[in-house]
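Listed below are the structures to be examined.
Next come two complexes built around subunit A: one with subunit B, the other with subunit C.
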Partner chain A sequence: MTETSTGDSPATPALLATPGAPRRRALPAFRSNLTTAVAFAISAGISAAVEWWMLIYFDQSVDLSGSELAVCRAVEILLGLFGVAAVFYGLLAVNRAIAANRLAAASDPASARVRAEDARDAMWFVVGLGLTALIVAFIAFLLGANDGALRSVMFDFTFMWKGHNALLNAFWLNIKIFAVTQVLVLVWALLVAIVRLLPGRACAPVRILAIVYTDVFRGVPAIIVIYLVVLGFGLARVPGFDSMSKDNQIFWLAVLALTLVYGAYVSEVYRAGLESIHWSQAAAARSLGLSQWQTLRHVVVPQAVRRILPPLLNDAVALQKDTALTSIVGYVEVLGAAQLLKNKYFNLSPVFGAALFFLVITIPFTRFVDYLLKRDKQRTQGGS
Partner chain B sequence: MKFRSTVLTGAALALAVALTACGSSSGSSAKPENSGSKAPATKCTGPADAYLKTVGSVESFKPITADTLTVVTSLPGPGFFEGSDDDPTDITSGYEYDIARAMQKAFGLNNLVIRNESFDSITAGQATDYDLALSQISITCERAEVVDFSMPYFESNQGVLVRTGTEVSTLAEAKEVQWGVQTGTTAIDLLDTIKPSKSPRVYQQLPDGYTALEAEQVDAFLIDTAINLGQAARSGGKFEVVAQFEQPGGPDQYGAIIPKGSANVGAINAVFKQLTDSGEIKALATKDLTADPGNIPVITIK
Partner chain C sequence: MSLLELRGVQKYFGDNHVLKGVDLAVDEHEVICLIGPSGCGKSTLLRCVNALEPIQGGEIVLDGERVSGRGVNVNALRQDVGIVFQSFNLFPHKTVMQNITLGPIRVLKEPKAAATERAWDLLSRIGLHEKADEYPDRLSGGQQQRVAIVRALAMAPRVLLLDEITSALDPELVSEVLNIVRQLAREGMTMMLATHEMNFAREVANRVCFLESGLIIEEGSPEQIFTAPTQARTAEFLRRVIEAGRM
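For the complex of A and B:
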């Protein structure tokens, strides 16, 4: 250790301590991180051992043969490599720390600090790898527990495959409900939001009506609204719906129920968007001679919608999932179909299969929303 | 580093997902591997193979809770559990309730506890901590793989409940109506045979199905004739049972469900045998199930 310093303020970033800075501070003490690296390497070894034990436990629950067993073993070994990699990086960290010590001893403080920093980097990678390995192996452990019971009651792909046609046909109904409802929601919610923002005493009654609507329908669980609307409107023989065919009736009642619920949510999103447009925009538009309606149509709404696109898509994802709630009123959409299969095979795997259908739609959707958010952030805060 | 980490984490998760596929060897049977190992030696082809015929001694009965007979059922059960549609502590009469009482007496227990469970969780063997389930459960081979059945105590066809005035008297008419059924019941299997032109609506709960019938969202509700007769009797003339199906494999036979592998089957069968031999079980049916299914017109399925 050739470098000397007080080492009393290790939190001070070394970069600030450049010569000529107004308040010069001493560099933090040089640390090779060797002890920590050794500790991390040992932990990596332990976690790898635990991981392998869990994987072997899983392997014992597997009842396969031939090429299937080979594939399965390959997957297990690949997972096991995460533990091995953690150990490798642990040893790498130790190696780098030793090198840092050596460089420090050879009076090369700059290189020593770089090496020590490399060691730290490898150490944290050990933590990342080790934790991932442990968590994933724990999943394997759960799947293997009780002779693979969880796997055979929930994740049996033969049952999923047996029902894939029924599930696919049923999922088409979910898509239809979603598509129609989403369009209606976008229109209806914008209307509610605009009404809620109408100025003056003259519009107060409708404004209050809009507030009551959003409060009520945001406050009531969607499943209750669906239950009440679909069965209630049917029982009450509500005109318009009553003359429809049975298939149309239940479809449009389900659409109506979901529109009411999601209209309330989305109108709040719209309102936030509309209110985020600075009042000077509207003022400028009005002073140019645009009417209230023209101001909304050409100035406020276009800017607001662009701003709220991500939360709108978020609500679309939620709506897509909530179409499964319509199974409560006897609609055989994907969840209903999955439950039929579940009762046929006494196995929950078809229900898990239904979940996969939703994931196929919602995961790309949410990734897209994330992308939009990121782009939006870059555009508004990145500073070009 | 960030990219590398993302790829690695993604790979780890993908591998974990791949693990779920391990162990589900293709062509595995419909039987969960974790169920009891008391599989019947012969292949099950109908109700007659699906229930356990062992008759033991009544004294060998061991209740799950001391001095208490715990019976699960799926409410409502018009005619079978009367007194309440949702609160099992309010049940005071009914065919299956009377059987439970007789059983409690035969076993010399002081308490009878009725518990409400969903129908499909009972038949799928998911319900736990009970002595027996009496819930108008038809004995089937599929169910027998996950639960044990006692000997049958009742026979029932599938009956057609409609709003008063609706006609369903032929198989052709049965193909055209919008059916409603309850999930997990044998009515679904029967509709698979009938092959109606409109896909049936499936309800999680029996009362929802009856509400949908009233709301004209279904034309006809299919479940065991005795259950539908009970509902028709309560509806104040709104509903009626217009037909019942004669199934190719004979009528459904009700059996008590006993948790898979339970040692109580012999004792429970012994009581059923006593009740049948003494004619008491017939007398209870006449007392509790007012409408006689024998008077309902029959539609034969070939």
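For the complex of A and C:
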């Protein structure tokens, strides 16, 4: 391509198709949504009927009496009202869609569009209420199936209550394993992540070692690692662990196994966090004369950890739950204790009780970190 | 003898030859402005002086000592050569005060109280002492850049490098940053600045260097460069700047 000489006014091609012409586009015409509204109303009616049928089925399977029955019935009726409300909003949508059509016929398209939008809002309520009603009623239906067999086998509170002391004592062991392992994991995983980020050819061997470690331990089921480490180290009488009492030995070997598994996961989380910090931050720190180590310690790691708090918490919750895996090597933590109770009463309810213990810890834990994240966001990013 | 001397500095990014033998001597108390089109190597040159980028040829000499190449303690060099970046690069997880005192406390090993006191003093001189406990994200761009300058000054550097420090700022915030640079120039700070603010370069510089494709094509007094450039490419660059209404 040859460059033309820069004259005074080179003829430039126009950017607009028709320069100077007025540009208008007609508003779309009003479209009735009456058919959709009717469809929603009918669906709401059907789902309400199904819901009520499932609730009645549940009600017939219940063998309660007196005030307990009253409470149960009150809850059933409350659930039933969801279905009724869905039908109400379905009819409301139809009503509004008809009003919209009338307004459109009276050549008031602006108001008609507003009414049609109102009808659409009502339809979304049909979706929200109807789905909730159906799902909850279906769970009640399952619980009522086979004369409430599921209820008595899994959710019998008398058996849960009988075992609650044994479960609580056992759950304390889960907390201990979790707390010790979590601390070790946070340190060990950061170390592995930093090794993986070491630069240069000189560090290649140790970098590769770290990669092999993470690949292997992320690729093997945790339950197998626990099995091999706890039983294997025990059988091989590995020095250091061998001199411990039996309980201590299982405890520390379980901690070791879980640290190896979760260290691999968490090191990947750390690595993603460290890599997400823009290099200009490190450049700014180095330009002040901070060493590589000081830059990591004061600038990169603190920012990375803030950023990866949610995934770190995910892994902490997962670890907290996976402490139950140690039951396979005969450790009587909460699941082990629940299994003993299950055999004693020939009922699964104590196992469900064990599940409740985990929920009591994990749900507040998650909420707490949500709160921390929100606070940190407000602090460093100005209001709103 | 010059305070800072660049001798035939060469820089490659892979196959990309970015600096093709730059020679430049900066005297104490001198203010050097680097101008030139984007990608000409202004920023890279400053980053090389601060050893944020290794150089592949030539040498950089600070006060008679070679500070480029192998075996040089870059952390020590950086105590003498401060740099301020286009994008501020304040640490978002630290308050303004912590940003400024990090270097003095960790690198210069100053006691925390002394470092804080000095930072407070510097901040109050630029009227930002009320923001000492704020996080950088709560400050305007101009305020952040002024804090970044103070952060560099807190290390008491002998040379200050300013890398297009007003390019990321809204127009109305530029002057508050430039005023600080003006004041530093008056007080005798040795500075090298890469800039697109031609009027400011003309006002504050002792010497202006025009860079293109990794070479200093022309250097001279601001008056000479801006009114009577000897090189055709300098004249062409300035003509485009004027055409864009930036001078």
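Please note the rule applied: the second predicted complex is superposed on the first by the 333 of 384 C-alpha atoms of A that agree within 3 Å, B and C clash if a C-alpha of one lies under 4 Å from a C-alpha of the other, contacts with A are read in each partner's own complex, and residues count from 1 in each chain.
Heads up, the rule we're going with is that contacts are C-beta pairs under 8 Å (C-beta built on N, C-alpha and C of every residue); 3 or more make two chains touch, one makes a residue touch a chain.
Owing to the predicted nature of the structure, the values given are computational and were not obtained by experimental measurement.
Touch criterion met: A:Val329 reaches subunit B, while subunit C stays clear of it. In the superposition on chain A, contact of A:Arg286 is made with subunit C only, not with subunit B. Of the two partner chains, neither subunit B nor subunit C is touched by A:Leu168.
Shared-chain residue A:Arg306: touches subunit C; no touch with subunit B. Contacts of A:Ile208 after superposition: neither subunit B nor subunit C is touched.
Of the two partner chains, neither subunit B nor subunit C is touched by A:Leu228.
In the superposed model, A:Val183 lies in contact with neither subunit B nor subunit C. Residues 1, 5, 8-9, 11-13, 15-16, 18-28, 30, 32-34, 120, 123-125, 142-143, 145-146, 178, 180, 183-184, 188, 198-204, 208-209, 211-212, 214-219 of subunit B touch subunit A in their complex.
On the subunit C side of its complex with subunit A, the touching residues are 47, 50, 52, 74-76, 78-79, 82-83, 85, 87, 89-93, 102-103, 106-108, 135, 137-138, 151-152, 155. Within the complex, the subunit A residues that touch subunit C are 280-281, 283-291, 294, 298-299, 302-303, 306, 379-382. Put simply, subunit A touches subunit B in their complex at residues 58, 61-65, 68, 72, 75-76, 78-79, 82, 121, 125, 128-129, 132-133, 136, 139-140, 143, 146-149, 151-153, 155-159, 230-231, 234-235, 237, 242, 246-247, 249-250, 327-332, 336, 339-340, 342-347.
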